[in-house]
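Next up: the structures, one after another.
Look at the two complexes coming up: chain A is in both, with chain B in one and chain C in the other.
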Partner chain A sequence: MVVLNFTLSEEGVAVLHDALACMFKFSDDVCLEARKDKLTLSTLNLSKSAYICFSFAVNRFFARYNFEGTPQHRDRFFCQLYIRSLLTIFRARPTSGDQRDRDTSIERCDVAIDDGVGRKSRLVARVSFRNGITASHSLPYEVKTPVHAKFNGDEARNHWAISSRTLRQLMDHFSPGIELLDINTDDENRIVNFTCFTEKVQKRGVVNNEAVLKKPLHTNIAVEMDEFDDVEVENKLHIIISVKDFRAILQHAQMTSGALTANYSHPGRPLKLSYSADGVLCEFILMTVGEKTALVQKHKNPQKNAAKAPAPQLDSTSHRASSVASENRSNPTPSTSRPPQNAIQTRPRQPAFEIRPSPMPPPTTARSSGLFVDQTEEDEQWEPVNPDEEEEEDDESGRLGWNNTNEPNPSSIRIGSYLSRQAEAQPEPPEHLVSGIDPTQRLEEVRRFGLFSD
Partner chain B sequence: MEGLGAGPGPPILRAVASSTRPLYQLLKAIHFTNKIHVEITENGLRFAADHARVMQGVAHWNKGLFTSYTTNLPSPAPREGDEDDDDEEDEPPSVTFQVSLPAVLETLQIFGAADAAARQARADVDPYRSNLRNYRADAFSNQTLGMSGTCAISYAREGEPFSIVLDEAGVTTTCNLTTYIPEAPDDIPFDIQDISFKIITSARWLLDALTELAPTSPEKLTIAASKREPFLRLSSSGGPLGSSSVDFAKGRDLLETFSVGGRWVQTFKFDIIKSACEAMRIASKVSLRGDGQGVLSMQFMVEVEGSGPSFLDFRFVPYAVCDDDEDEDEEDEEAEPGRLEM
Partner chain C sequence: MRFRTDLKNVKTFSKLVAALNSLEKLAWVRLDDDTARFTVIPDTGSQVWASLSADLIFDNYNIQSAEPNNTINLELPLGPLLRALRSASGSTYANLRLTKKEGLPMLSMTIHTMTKDDPDKARGAGAGPGAAAGAGYGYGADPDNDPGNPFNDPDMFPQEPLELTLRREREKIITQDIPVRVLHPDTVETIMQPRVREPDVHIQFPPLLQLKAISDRFTKLAATAASSSAFSGGGLFASTNTGSGGGLGGGGSASRHPKLLLSANMHGSLRLRLATDALDITSVWTGLENPDLDASNLPMPPEEHPSARFRAAGPDKWATVRLDGRDWSRVLSVGRLEGRVIGCFADDHALILYVYVPHTDDMTAEDVVTYYITSYSA
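Right after this comes the complex of A and B.
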């Protein structure tokens, strides 16, 4: 029994291929979900930190679409397929343009899903070429309930929209080897900053576990708010997402000429990127790198101070200390009064670039919009929060709170996510340990090792 | 070069070609084994490659590809055979030996070595020249055209090396390839009297069809020819990602010649058919024939500039038609000793 069949034009095949190629950058398999009025392809990546969903409007995208439904599921049909095999079917065939009758391009593609009792469950794609050859592929599939990510639109008050092409052009400036992208706004200067950086550390010394940033380069791209169609973002809100995911999305988004919209609430909560073109709605829900609430509070005061009175004369020493903090994560002590000379002892090598202390940049107005972080930060600003943040990065998935049941019940999800966040807040042993010091030890206990001169 | 002719009597073969490109292309198409049988006849050289006795590929270097071609075959009265490749049974006496195919291919590519040096020199003086893909020969390089010098092929007598002398821009490269005693494998029998179907189509279509089937990494390929639609169907099975099939349903446009006695369905190992892909790439037309026993013959017509068309012959033995898979495996096992011969 044919559950579903539809026909795609040559352009439709190309659009479908592009969508699948984009998904393939996140996951190996895709969930197909068919309803009377739309066909949805969705996937969740392995670490459950990114969710991709393409919805194809039946009346606009397909040349023909017929959904029958199964006795079990009258309203919808779903299955899971390998993206790799779909990609080879829907790939564009090379056109030999020289001879008109030798055209090997796709004329149309009929897809049918055959299912039922006593039948082989197969997705059959029949590709007809202009030269008269037809190829039919039948793929086995797995009946599996699709997982959909929930996104609370009411919560996500921050939003902006920009032409996807413009955004794609900005991406050219991203340096290679970076991992994270920090999107933040500056209302005073009317700019939106895209800062990309990496937190990957490289161990240098065997003895003292000295670690340095692998790519000590921050690239900040400041975009004037006029470039955006619609910006409504809390001032100086830093939202951090994975650059790899962002790249993959923009790669696809640039093919559509429309505007890309981003919606988000605050760090640690999902961010949604969406755009639509020709009956295809593309939605991406990405987990953002979170920060501890307490941390935010701690940051608050010094930020204000720094904003009011930036102290350029403090720069060299304080900055050195901050470099240590980010490099040498082994030091868990939240010491704000650590004298800089000690820090110098523990770190014989001076990095070539000045490193911003923490992945969550303290949003000071004193920060320049240049390539590198300014040196006017005070000691209070760079509290070594790295062990926690590292852990948070690793554990993004835990907080995601995807709802498998597909029932709109956001409140329970919220609670669950908060609970898991609390669990995370307990510091795990960081990667790089100073021998003998437990990362959870109190400062008083550590002092007696003589690491810090009071 | 003087040494070659020093023996008693003229050498069995002496041939000179101005371009190695067609020679290389034709041999490349049967590059699926290590050793090939070379047969020297009055009309040219015949190279036969054999894979596990289930696949055979034959390439011909027609006399016409050479600017001069002289043979001195030992048999006293070699009959005048015709140039048609179809009837191999009716061949004049000939000299046969084996030679390493990768070595021959490598040798034929030596042309252009001086060219590469010149290109390097040019790159050195011109710093603005992109060093991107500098290693690739451009369209007009001598290596691509294969016509900068001369290529002399000779074979003195039995036991002597197969010698290829390349002369290019004053640089002479002499390659003496060891010859081996022939194993005299019989050709895969193909009964021309009992042909079940004959289809001539563009080699390009066949290649497209196989490309279409290949992504599912199938194990078997079934070729079915029938009088009604679909006239010709290639279908793959045994792959982990599902199965596929390609129909040549609009027969009139696609198939140049189409004569089918009855329904003919045979299954082959996909990989051995895929070995013929290089031939499909360079050929313009392919003639598919199947005989009553199920042997498939593919004949490719390769247009070579300056001389007439050259032909490449492939023959494939199908899987035994049995209900059990074991028998098919057995056939493979039987074929194993043949693999050792290579």
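Right after this comes the complex of A and C.
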């Protein structure tokens, strides 16, 4: 039976895609949670230092929305999906071009979740294009209780709000190699400082070494408090977060024109960033670098503090176990109680939520590279040539090449199919040859069988 | 030791640093009373000596040291400097000063800037495109829609988004600290600008973007030709002709550093050629200018200068240098400065490129960036 179905407009598909693309920078999978009045997408990164939650208001965001519920899930339905496959489905096509582009744009998208005893659990997305083509995708999912991070709003008395686009543009001034961002205030000068630094601080006494010159650019940005809305922060409080996470959030936030609000308490306690736009509420809970010395030494240079500070992911695990990753067990629906075919594991993966700190590093930062100060367009052409570069644009390079594989579409063939084909290709040793001609026999030895005329 | 200056012409400065950065990561910067000299000497490849008058890029320039002419020698990483300059481009004010932070010398750039609110980047979440289309129809239905009506000209009265907050955009102050090393005069004393014999041919180059596009294409073709000929040499022809097999082997080793032949004559032609075993391509520019030499600066009478002999020998007398395709591409990256470029060819020896950087405020003044490119032996 259909548990949930909804329809998205072209705009809705794009907004959903943006949200998924943002979450993909933190995690590989997403928890979908549907209720009568809202649909929630949430995820927690591998190191459990960042929690992302997008809530879509049913009456404002969807063209049509119908939540049925099942006997097992009366008031809410949840499942876990791969972001990568969702991104492919909701990929935005260019709409701003000529008529041909317009024809291939998405007109609307119907999504239905089919579930129930004795049925295959599938999310079916039917994308209708303006040119009349309808593409249907059927995705398996895993029924899994979502984990929600807890954030104590009463405790987080420090808060400010600023235009997300202003903040996003400020991040352009930081160099790509930096890891941590220290946000601190100075009441006397009425400014908020955004200071970046890395933990790889050079040791003293190597002043004459060339290593000094390998230090990254150290950047500080001072913003007048007048530019903030509703700023109320303890003087000289340093709060340190991961630049990579912050950039990923701002990349998404800049697409909404509104203000971004930050709420936090003290180092080592979570910080919440939130903004909303047209029926979508976006919330991010990030762990800040917990540092006992930060409070004591907060008047000193932040870089010194940071040198002693452990990585936020490591330090914050103890807090996370208690405060952030407290599992929402209010409606325990263990998947073991469900028919086995419903609990489809699309591929073996890491247990998503474990209490112990995960040794896995957070996902790569490479995806957020688009955030750095972009070069002016004409700069590209002045970059030196690199003839060995394989992935050059085909039309531009003078390189000639042929596809030397005879596979129809090599990229779509997975390892598994190769393995199975290899097994097929290996012929069974033919019985009759055992007593006959050994394939490695020399030709003159074979001649005596009279097969060849001299 | 004191160095403090306001920055001007940040775009030009940033383009120069970008061009230098493509050759080498570290630069030697020599600042004195009236010049700022940037020198880049890679382990392999071409050297650059860029001498800029201080008032091209600096304003309110203030320098003091114990050396003659208040000289300060610095070694600095070009990448961070470039990044700092990019963040200063479009700023309302920027300055640069030598300072110490935590005992380490720093070149500290202070930038006053505004963020620009770019509404095009925002997704209007449904209302945006629809509202814009509605406004467009409104204009079309307007009975007073005559071309003379200035209110119909969107450029004169651009539509602005409704500002809901009364908060004014404030200036932000950005500090970018670039790590530097202060060099003792003794350590840089031995670094000398290369001396090259009087050139055989001097010629004004065609637009570098053209030259770079063709050079890069040749370089890529050379890599392809070399790899494919090495492949066929190994497979089909090695057994039949061992002599050519050896030749192809040589071509294979050259493939990693494809050599381009750049020639010029004293009759306005520049020729770029790529010759491998498999292909031979040439691009020729004609009608270029061979500028007159300033006789007062020559060590010999103009008629005895090597270029006079090359001119007399006619248009078939070429001065040629062999260039490494990649290094040459890095050199041509200087084209972003958009200056006039004169190439001086010493046949089979070296090529010197003089890139003239025009001053935006003083049309008569020019600074020069000099590239020393050594010819590879055949």
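We take it that the second predicted complex is superposed on the first by the 267 of 454 C-alpha atoms of A that agree within 3 Å, B and C clash if a C-alpha of one lies under 4 Å from a C-alpha of the other, contacts with A are read in each partner's own complex, and residues count from 1 in each chain.
Please note the rule applied: a residue touches a chain if its C-beta (ideal position, glycine included) is under 8 Å from a C-beta of that chain, and two chains touch if they have at least 3 such contacts.
Every value quoted in this text rests on a predicted model; they were computed, and no experiment measured them.
Q: Looking at A:G268 after the superposition, I want to know if it touches chain B, chain C, both of them or none. Which is it: first, second, both, neither?
A: neither
Q: Could you tell me if A:E11 is touching chain B, chain C, both of them or neither one (first, second, both, neither)?
A: Touch status of A:E11: second partner only.
Q: Under the stated touch criterion, name the partner, chain B or chain C, that contacts more residues in chain A.
A: C
Q: Between chain B and chain C, whom does A:G290 touch in the aligned arrangement: first, second, both, or neither?
A: A:G290 contacts neither chain B nor chain C.
Q: Would you check which partner chain A:I221 touches, where first means chain B only, second means chain C only, and both and neither mean what they say?
A: So A:I221 only meets chain C here.
Q: Thinking of the overlay built on chain A, is A:P146 touched by chain B (first), by chain C (second), by both, or by neither?
A: It touches nothing on chain B or chain C.
Q: Thinking of the overlay built on chain A, is A:D172 touched by chain B (first), by chain C (second), by both, or by neither?
A: In the superposed model, A:D172 contacts chain C only, not chain B.
Q: According to the stated criteria, A:S136 is in contact with first (chain B), second (chain C), both, or neither; which is it?
A: first
Q: Once chain A of both complexes is superposed, is A:T104 in touch with chain B (first), chain C (second), both, or neither?
A: first
Q: For chain A, which residues count as touching chain B in their complex?
A: Of all residues in chain A, those touching chain B are 82, 84-85, 88-89, 93, 96, 101-102, 104, 122, 127, 129, 131-140.
Q: What does chain B use to touch chain A in their complex?
A: That would be residues 202, 204-205, 208-209, 212-213, 215-216, 241-250, 253-254 of chain B.
Q: Under the touch definition given earlier, write down the residues of chain C that touch chain A in their complex.
A: 18-19, 22, 26, 75-77, 80, 83-84, 86-87, 101-104, 106, 111, 115-119, 121-127, 161, 165, 167-181, 209, 212-213, 215-224, 228, 258, 325-326, 329-330, 332-333, 335-336
Q: Under the touch definition given earlier, write down the residues of chain A that touch chain C in their complex.
A: That would be residues 9, 11, 14-15, 18, 163, 165-166, 169-170, 172-173, 175, 191, 202, 204, 207-208, 210, 212-224, 226-227, 229, 254-257, 277-278, 301, 303, 373, 375, 378-379, 381-388, 397-401 of chain A.
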